[in-house]
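Shared between the two complexes below is chain A, which has chain B as its partner in the first and chain C in the second.
Our next item is the complex of A and B:
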């Protein structure tokens, strides 16, 4: 079927180019939704801003770094605590939020003085912390502040601090994706190669594109360490600022989220000759493939098989139990972009579920090529879906469960459909073998919980009495 | 043979991420590199691993080959010339889908 104009979009017909339903025999040379394009005026987008893509997704994960947000306090608040990425140093990065708290007078007279004062104050308040990211936001970019110059001056003045500036205000791009890009390129240009890492193993990797959501990175780390592999830098789950300065010394880049971090993997290949191995670190079967590939790269096949055997023995039975309950259940994946293609076949192959609709906020056409290749015929694929489209699609596909973020999740809940947080998870980690079981458990609990049915009942009515409420 | 080419193409399309790397030159390198490794491994040859990129293709090919043999009983029965025909047929199809026929507007950007 060609691209599809949903009923709710008759007044914004441009949306047709963003919605696709796959028919038998079709491939991505025939139809590929437009994506990573400006949101069409009149559509109620669920996207985040470009600054958010840099700060909330990548930079804010670092466990030893002050995240100074140069702008009005709202930009800081909006990107604090909405994603749970713990760390092994008591969650420093989750406890604090830093903002230059810009006011009207700064917009009129400039905010650089305020920025300098805030940087120094933050370092003084936290004397053990010597690393900082600074982010520009819409207001400070528009007034033309020069945070790089301020950062340089402070570095000189304090002597023992290192500062990285991300110049990506909210309006810089069409979505979060621009923030990923700017941070990746800035980091490789300015910081990679500025520190030599301590090498402790003959086998070294960077693990790129995983942000330790509820402990994902720590699960993966366990497997690699058992194989005798050193992770020089985890970009950026549970990572420190200085880990990431030594990325040039890894022998292999293992890439999970190619959307948010493929850029740095490509540049590491171009500039340092480090190859890029793309894997899926979600999914019970996928995880086995991933470890086998890394094992084959280093000649550590036996070690990989040992880890796989141990983990499969531990978790296979539980996966099978959940499979029996989840088989045939219809699910929508409405997340950022890459989870569509990471999850669709994993849910189908591991658990027998059927993915009936997928929507991406900031995926590019590369992501749609992947997801359409992996996804089902009859499935609906949408770029930058709006609220009315979500409602219409729910009517069309009648899912048992929706994997999405809290914003769309709240819409879904109002229809008394269960949703699982596809960004920050319900009870993760979701990566690796144990993660696959956690995800299956959360989906099972959501689908079989009586909560949604009960929520639909008006307790004052007779029907409520009949079910004993 | 053409239905075998299509089966293998569909299988790789669903399974492998290397065909979808960011740019035309990355995709060409990966598709040719992995398919070549598969042919060598399946015919019992000694893979040529001179660069880290070769090693990466070897790792991808090794795991994929196991999966292909599991999925298609006919694959192991192909004679060398038939194997070449199927693999190069799939290679051409993959390049057509992901490179020459691709609608992805970012494929030829000079920068990442």
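Our next item is the complex of A and C:
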């Protein structure tokens, strides 16, 4: 019975197909939880919308671009101050968001005029900024506004601006994942190849699927630069709009997050013949593998070994120290999707931890194939887990730590369980060699914090014992 | 002195200072016990708002989504409500209220919420005979108003649906508006000192949930279905925020003859005096010595600071209209000069608010009030060199302060970049004292960092 109907799900038995417990001798040809399917209304799922997948995850990272959200104010308000992706230009992308502030009259008469005026105002108020993303939302998609036509007209009128339109209203698809797809395909169709990058090295890559959470991208760039490799475009960590227009000139696409950005890597292969190399940029061992693979591609094996030797020498001792403390600790990974398969084996191999339960918000079948292949027997794998399922799973696996978002983190705290922010990190970056140490340190500090032990003490019982009652 | 009142001239928004209506409705809903709202729209409409609440409170709140998808645009999405309500009812046996909160998508599609509720009520009766589960239609299209009106609509819808005539309770309804749990705690403190029984709508004090040895404490709202029912049987209603909750009180007056008083939001000494007078009038209870002492302590603390550190400092304030106006009134009591007020959304009623006329009368420096404002209005003025010595507002304005090195006191919602602020009151005498001292300490740190006569503090 590897697919499991949890007790809290007896009234929604279709959830059985989304929960899998791996048993000896099984593989994904026999059992694979259903994923990327519509959420049952009212289940208190963790999923967001496809607009979020486009704006908050990928587009909003760009450090030199106006993010114009064509819809009521909430879609802009809510996707601002909700991410930790810095940049090397004083964090322009964290500081601003734009909304067309759609009102009822626009629902009735159309919002295109409002959009056009808002675009022109935005460029006028910040004359140094010449690039813009426009996102449609539920309301503007339903009324049938044509933002592409508006963008074209403004480009013509202003002459020196470039605008990209993402049409992914929140109700499209079943999760954030749809927004990733729409943005990837739109960008390759409309913007890649429209600007020639300056080539500064005989070895060029695009680094795809990393969003500079707490400076991840900057850590990775350091390694590649040491190897003499030019990163033409980082999709999209710390990237500028125009970097991404030159993606067609790279010799290799190095892909970390295959879920959110595998699409554009595949298209670059199809259309421009650029090979795709999937790596894991989290994990101490994985990182060495990644650099070796890239080195092998370019014939830069020696350079890769140099970087690896230098980094390993710097951080190995710390990793070993944390490993001693973390060995055998049980951990849950409840994040978006890809981190399940990036992290599960890394936490085991690097630190000796055991991943006992995993939940993905928006992973697809191929993500579950990867994670189940890398994951343990006895581990619980869930697609789109909801609140009651989380409680039940905690009771089943009794973890020492949960890697998840702050909201679920607030919840497990009441159960005396520490959490580490699996989306935005506690104190990252978490990628690369130094990132692996940071992550180990945060997990160690969380597990060994005195507070959760204090929380378990009932001071009344202690006092009663002392007075001999 | 002059007070210039105008609307933002740009049509778009750069850095919004307010959220959309469904966010306000969700905030009202989490204040109710045994309640999970069902947000009828795309999943982001609830997921982001839950995140926002978690950012502010560092707590988790239960909010469900009807997960509306593409096919709804063609066929409507009422089936998603049916399924959502039944799923909630099946899996949460203690659930007593489900506000069904609409959004821009489902209002544009034109889903028949009331008709669906009638149908689902029959389904519930068939599956759970005799179970009491209230479904409340809350119409909050995101393209109207803001979270301010969304909160107001939700409290009104809940009151209209749940209030019912019964035995008089002798209590007074307090419609809090979107205040912080620290403020609600302060209301209860005042009532307890006065010996008055209040019916708090909505009681968010329990949002401050402990981590307990028994692992059984979670954040929740404390206002019950009975509290809403009995709102019709109260002695009267006092609303603390004109634009958030007062409509419900007015409904109770019209429908059930429960007298309704809308007070100035009790920020500062004078506004708190008015608040206590209203409570005293309505309850017949005198104002006790203990509160007179609290008042005295606040004035004592404020007097230590006012002309020494506050006088003639120019203050910009942004946020919800009742909060901003109340804070401006407080500023005038301590000799701070509120020179720029930014009020959210396009509600033209702000222009006629009587409190603005009073602010103008008491002003010692020219004032500018902008409605339908965004935070770019603040940033642009700062960049153009307008003198602003202190910013008061929520955390979304943090970069205007930090990038331009202007001291800022976080107040209102959300205040995610400071620890635990929501546990403290800004209302009542205690709130006035807290505000004065928090402003002072913020200015002191700024003096030290900028080496701006910081040595004054050597002998203060």
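Assume the second predicted complex is superposed on the first by the 450 of 469 C-alpha atoms of A that agree within 3 Å, B and C clash if a C-alpha of one lies under 4 Å from a C-alpha of the other, contacts with A are read in each partner's own complex, and residues count from 1 in each chain.
Definition applied: contacts are C-beta pairs under 8 Å (C-beta built on N, C-alpha and C of every residue); 3 or more make two chains touch, one makes a residue touch a chain.
Predicted model only: the values in this text are computed from it and were never measured.
Participant: Counting only touches as set out at the top, which of chain B and chain C does A:366 meet: first, second, both, neither?
Facilitator: first
Participant: Give one of first, second, both or neither to describe whether A:457 is in contact with chain B, with chain C, with both, or with none.
Facilitator: Second partner only, chain C.
Participant: Using the touch definition from the top, say if A:102 reaches chain B (first), chain C (second), both or neither.
Facilitator: It touches chain C, and chain B stays clear.
Participant: According to the contact criterion defined above, which of chain B and chain C contacts more residues of chain A?
Facilitator: C
Participant: Of the partners chain B and chain C, which touch A:433 in the superposed model: first, second, both, neither?
Facilitator: The answer is neither, since A:433 touches no partner chain.
Participant: A:211 contacts which: chain B (first), chain C (second), both, neither?
Facilitator: Neither partner.
Participant: Touching A:258, do we find chain B (first), chain C (second), both, or neither?
Facilitator: Once the two structures are laid over each other on A, A:258 reaches chain B alone.
Participant: Tell me the contact category for A:345 with respect to chain B and chain C: first, second, both or neither.
Facilitator: first
Participant: Can you list the chain C residues touching chain A in their complex?
Facilitator: Touching chain A: residues 10-16, 18-23, 36, 38, 41-45, 47-52, 54-55, 58-60, 62-70, 72-73, 80-81, 83-88, 90-91, 103-105, 108-109, 141-144, 146-147, 209, 211-215, 217-219, 346, 376, 380, 395-396, 399, 403, 416 of chain C.
Participant: Hey, which residues of chain A end up touching chain B in the complex?
Facilitator: 27-29, 31-32, 36, 185, 251-252, 258, 262-263, 266-267, 269-270, 273-280, 289, 292-297, 345, 364-366, 369-370, 373-374
Participant: Spell out the part of chain A that touches chain C in their complex, as residue ranges.
Facilitator: So the residues of chain A touching chain C come out as 8, 11-12, 38-49, 51-52, 68, 71-82, 94-104, 106-107, 114, 117-119, 121-122, 125, 137-139, 141-143, 169-175, 387-388, 405-408, 410-411, 413-416, 455-459.
Participant: Residues of chain B touching chain A in their complex?
Facilitator: Chain B residues touching chain A: 13-14, 17-18, 20-23, 26, 51-53, 55-56, 58-60, 62-63, 67, 96-98, 101-106, 112.
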